[in-house]
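Below: a set of structures, written as structure tokens.
What follows is a pair of complexes built around chain A, which joins chain B in one and chain C in the other.
So, the complex of A and B:
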């Protein structure tokens, strides 16, 4: 078990590093000039040379990579992702503010989506071919590919503008409130720490529409997977045996769910990794200032350290999520470790 | 012979796909107004003259919705076909002739698939230049590994079948067996994926321009149109964003439906 985790971690860290180094070279190989953004209009040759030196772009590519990794002072290996070429603050401090917002959005959306998808999926698996079954099929097909940013806008139009039951889609809190002291940067948690329930309620309210948008789409594939997995287990011999032995319905249900859980968890992990960067469109519709919006700004400003930092952080998080889910799977179904 | 019933899902999907391809070719000529020139007052609600109203710059929304498939659908279809052809070819080779090349290909596609897709697309498009041709290249590049993986795993199961033995026994060369017989039997997953990939390509194209990292305004493109209407939707100016969004929603549903129907048909 320990060896398995260590091996996975080692492979994963190498992979994340590989991705980051690939990104490092790719963004420098492509024909875009970050210096022209910084020196402004009508630059003198001296100011261009000075800017290149300040950004470290006058060094050879290989030296730049060594600097980035931390062989000359602070770098990835010493826990630094460098400073932004646009704002001048460290990339880590900027990610520390934006990442929790994104995680909070995604985790809440997954909780809602799973709470809807699993019970309905279980119910339809018991009655295949029924009305609910057909409805679920249609919904899963439809929600599998939809423009989430447009749905977000539609929800804003209906629930904020027409019905007035959702708060204005601008940021994490009502504008007249002062944000609670930043401890974790998860605004829900920070407002609880500060004991500020007005802020907590406001933050929760601002989360409703973005979470509705994301879970509206996430429910589709999760529902389909729950249904498939459940009906496969329901027709398996060990469930038949349990039924024949006269076990209680409740306990049969529990073992069915347990046996059916693995593919659902795997899919959740894949979707979670995808959402880390895929939530960007919903973030920008609701002006949430999460990691996604940060990455858009970084790319459009040609802020190379920020781009590298975001991609490295997302890769590392997905790595831990996949590992954590695999450990969870092994706990549910120990046969996995034997293979 | 039993009379075949056509899957209604396939029918809906094919009608929507045909419509989207038709508009990709003729949408511009069908548009009642020039989609890039102001034609009337700003932000006018739908009327007899302007069925879908006009946007904040006085452009006719209906004309722009009709003209947009020339960008959105054309990019997604071209990119999907390029990646399907490339990916199927590479996957066939890597699956049939297993060896070092096969290993290298799989590791590269592993790494490509573990990238955060949206950010990578944004980076590649922004740094190569935000235009239609670059978008096609970037999308094709991002989607190729999916086809490699699908084809390779199908080929791996096909190459041990008896018909391969038979073909070999009757004197076919390995190349002939791979391209004539194994390829034909390994195409189903890629065909399903092709349709699905077009849908995702349209979503990615529109999403990129929605955040300002795709083709440039005032190109008639659904994502740009939604973005331009977004700030005004809370001022009751809903038509600028609603109509292009419905267009995307229906189009990607059509490609998903067709993909699903083909998959069910192939499984029979």
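So, the complex of A and C:
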């Protein structure tokens, strides 16, 4: 078990490194020059050469890679991802601000989405063709066909503009409040640490609409998977046998859910990895300044160190998420061997 | 029998499956009474609604079926009860054993916990008491080292072991009615006999009612008091077993009785000196397989026998005895660790696979699962033609003529040639396999359980066909089977295998009329003859085997049967037994039998 985890981590680190190096070369193969972004209009040849030197682009590609990895001073191996070409601050410090915002958004959204999808999926699997099942079918047709930013805008229109019960979709906190001291950069946690309940309530309020939007979307695939997985287990021989053995309903329900859980967990993992950078539209609509927005900006600005850093961080997080899921699956199903 | 009041009676019982707007009726307005102490056999072709009825008697239907009508159990209608009342009856007053034991167990929970859950659902027992009871129950159904087995997950159990776990669950609360849906289909014959004997005693002693769903006339004849036959969700025949065997009313019943007509007739066996040339000789064949943890599983050890032209050898044994491996070693589907295989005076086990290819057309095989052995995408014509393409120089017309000849040889007609295997019945598929095996006029055939996957009527047809081919083509073959009556009918000679060894060899006549080895005797005693007037339960069985077959990974030092043998002594447990000749073409691996024969 421990050896399995260590081996997975070792392989994962190599994978993450491989991806980063590949990205390193691919972005440099783009037919665009980051220097022209920096020097502005009508640059002199000197200023261009100076900018190239400042960014390290005058070195050979291989030397640039060695620098990035940390063979000349600070680099990936010494825990530094370099500095942004646009803002001049370190990539790590920028990710440390944007990543918690995104994680806070998607973790909450997944909790809400699973809390909705699993019970409804179970109920509709039990009564296929019932009222609830028809409702779910309608939702699937309706929600699945609309992009999330549109739903975000709709929710803002209804809940903020028309009904006025949601806060303005501008950031994580009311503008008149001061943010609590940054400890973890998770604003919910930081406000609790600071004992600032006004800020906590405001942060929670600002999270409602984005989470609603994102989970509204996530419920679709999760619900479908729960339904299918549940109805497969419900028509299985062993559930029938448990009924015939006169086991209590609660106990049969637990067995069913446990047996149906594996595909739901796998799907959750896949969606989670995807959402780390895929929540960008929702982040933009609600001006949350999360990792998705940060990575899009990095690409548009040709901020190579930022792009490399974001990709490395996302692949490391995905690595841990997948490892955790595999361990969880092995815990649920004894047939999955962890050697 | 003077039936008292019915324990369970159904009135207008109906089970429907909604299928879009159509209602698929699988049980149709059915009335059935079950009495305490009576064992009822429920027969019928697959799809007749037997299994649905077994479930409906508990008020259950497979998701999303609907049960309606009345199921009166001790005067109360199950279908009108609330969930809690129903739950108290299921698994408590009515026990169920299903036919797919492994699927019936929750794959994510160990068996001990599952048994304990059922027990605790119907008692006030604590978790610890449930666990103790689970160990007791597993031991009571003959599982060795029950303490270790309780923590095994279903995928770690053999089919037979899973079946026992299920049986122990059903019996954990001492039901008044036991419903058993093909309860022994995954079990070996000696184990099957053990289980059915115990169930029969249980029904007699505790006066419980039993409903056995089965396709096996042997079970019905030996254990059932009454027979119910279903067709299209209705009961078409319902009478006592003796009456039924004497004079079946329905077509299905007549066909069933007819298919067992040839039961247990000895083959044309003779002890005369065999003068025909030797075709196959096997000496000291040995094969082990590596299993987890570097241990070795002994599949075959010291197997030696020869087969002469025109004769057939029956290789008999329970699952895991190594009989199939012997066939695979001869066919070069696996290589032996040591020993020799000779075919017509030439050694064929040590030659390269390429050299062996020229023997392929001379040595052919038919396997157990007819569908698995045929390419589902090829039309039958191509399936049968393939060996001709590979091994002969025939032109197109010759091949097509030969294919037609083969088809009629195995009793099929030309119109199946364009069809694909999926659209044939299991019996027809097996005939196609046989036709393909015969295509190159092989001199030697290996028939590995060719009848055991077939329904009873098709099985009888297949045996008749093999018998007639044997006479017409002077075939020479090994017939691998666990079905003793089939072997008796088809084979001149018999080798009985137990745990990788041949324990007894002789002509069919010798072995069947005077079995010598205790294992052979037990095996013969387990045969369920299709005759309600000669029931196993009425005979006094002397040679019942106890418990479970030992693991072929950790074999005992002495005789492999010693732990189960009713006549074992200390010497049996100490000394490994050799196969010793006790007469012309007759040998046995048991010192006690050898002494008795002197």
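Here is the rule we use: the second predicted complex is superposed on the first by the 329 of 339 C-alpha atoms of A that agree within 3 Å, B and C clash if a C-alpha of one lies under 4 Å from a C-alpha of the other, contacts with A are read in each partner's own complex, and residues count from 1 in each chain.
Please note the rule applied: contacts are C-beta pairs under 8 Å (C-beta built on N, C-alpha and C of every residue); 3 or more make two chains touch, one makes a residue touch a chain.
Since the structure is predicted, the reported quantities are computational estimates derived from the model, not experimental observations.
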### Query
Which partner, once the models are overlaid, touches more of chain A's residues, chain C or chain B?
B
### Task
Identify the partner contact of A:237: answer first if only chain B is touched, second if only chain C is, both if each is, neither if none is.
second
### Message
According to the stated criteria, A:32 is in contact with first (chain B), second (chain C), both, or neither; which is it?
### Response
first
### Task
Give one of first, second, both or neither to describe whether A:161 is in contact with chain B, with chain C, with both, or with none.
first
### Task
Would you sort A:333 into first (chain B), second (chain C), both or neither based on which partner it touches?
second
### Touching partner for A:325 - first (chain B), second (chain C), both, neither
neither
### Query
Once the shared chain is lined up, is A:259 touching chain B (first), chain C (second), both, or neither of them?
second
### Message
Contacts for A:306 in the overlay, against chain B (first) and chain C (second): which applies, first, second, both or neither?
### Response
neither
### Query
So, does A:199 touch the first partner chain B, the second partner chain C, both, or neither?
neither
### Contact residues of chain A, present in both the chain B and the chain C interface
none
### Query
Of all residues in chain C, which touch chain A in the complex?
55, 58, 60, 62-64, 83, 86-92, 96, 98, 100, 103-110, 117-118, 121-122, 153, 155, 166, 169-170
### Task
Show which residues of chain A lie in contact with chain B when the two form their complex.
15, 18-19, 22-23, 26-27, 30-32, 141-142, 144-147, 149-151, 153-154, 156-157, 160-161, 168-169, 274, 276-278, 280-281, 284-285, 292, 295-296, 299-300, 302, 307, 310-311, 314-315, 318
### Message
Going by the contact rule set out above, which residues of chain A touch chain C in the complex?
### Response
128, 231, 234-249, 251, 255, 258-259, 332-335
### Task
Would you tell me which residues of chain B are touching chain A in their complex?
9, 110-111, 114-120, 122-124, 126-129, 196, 199-200, 203, 206-207, 210-213, 223, 226, 230, 233-234, 236, 238, 241-242, 245, 248-249, 252-253, 255-257, 260
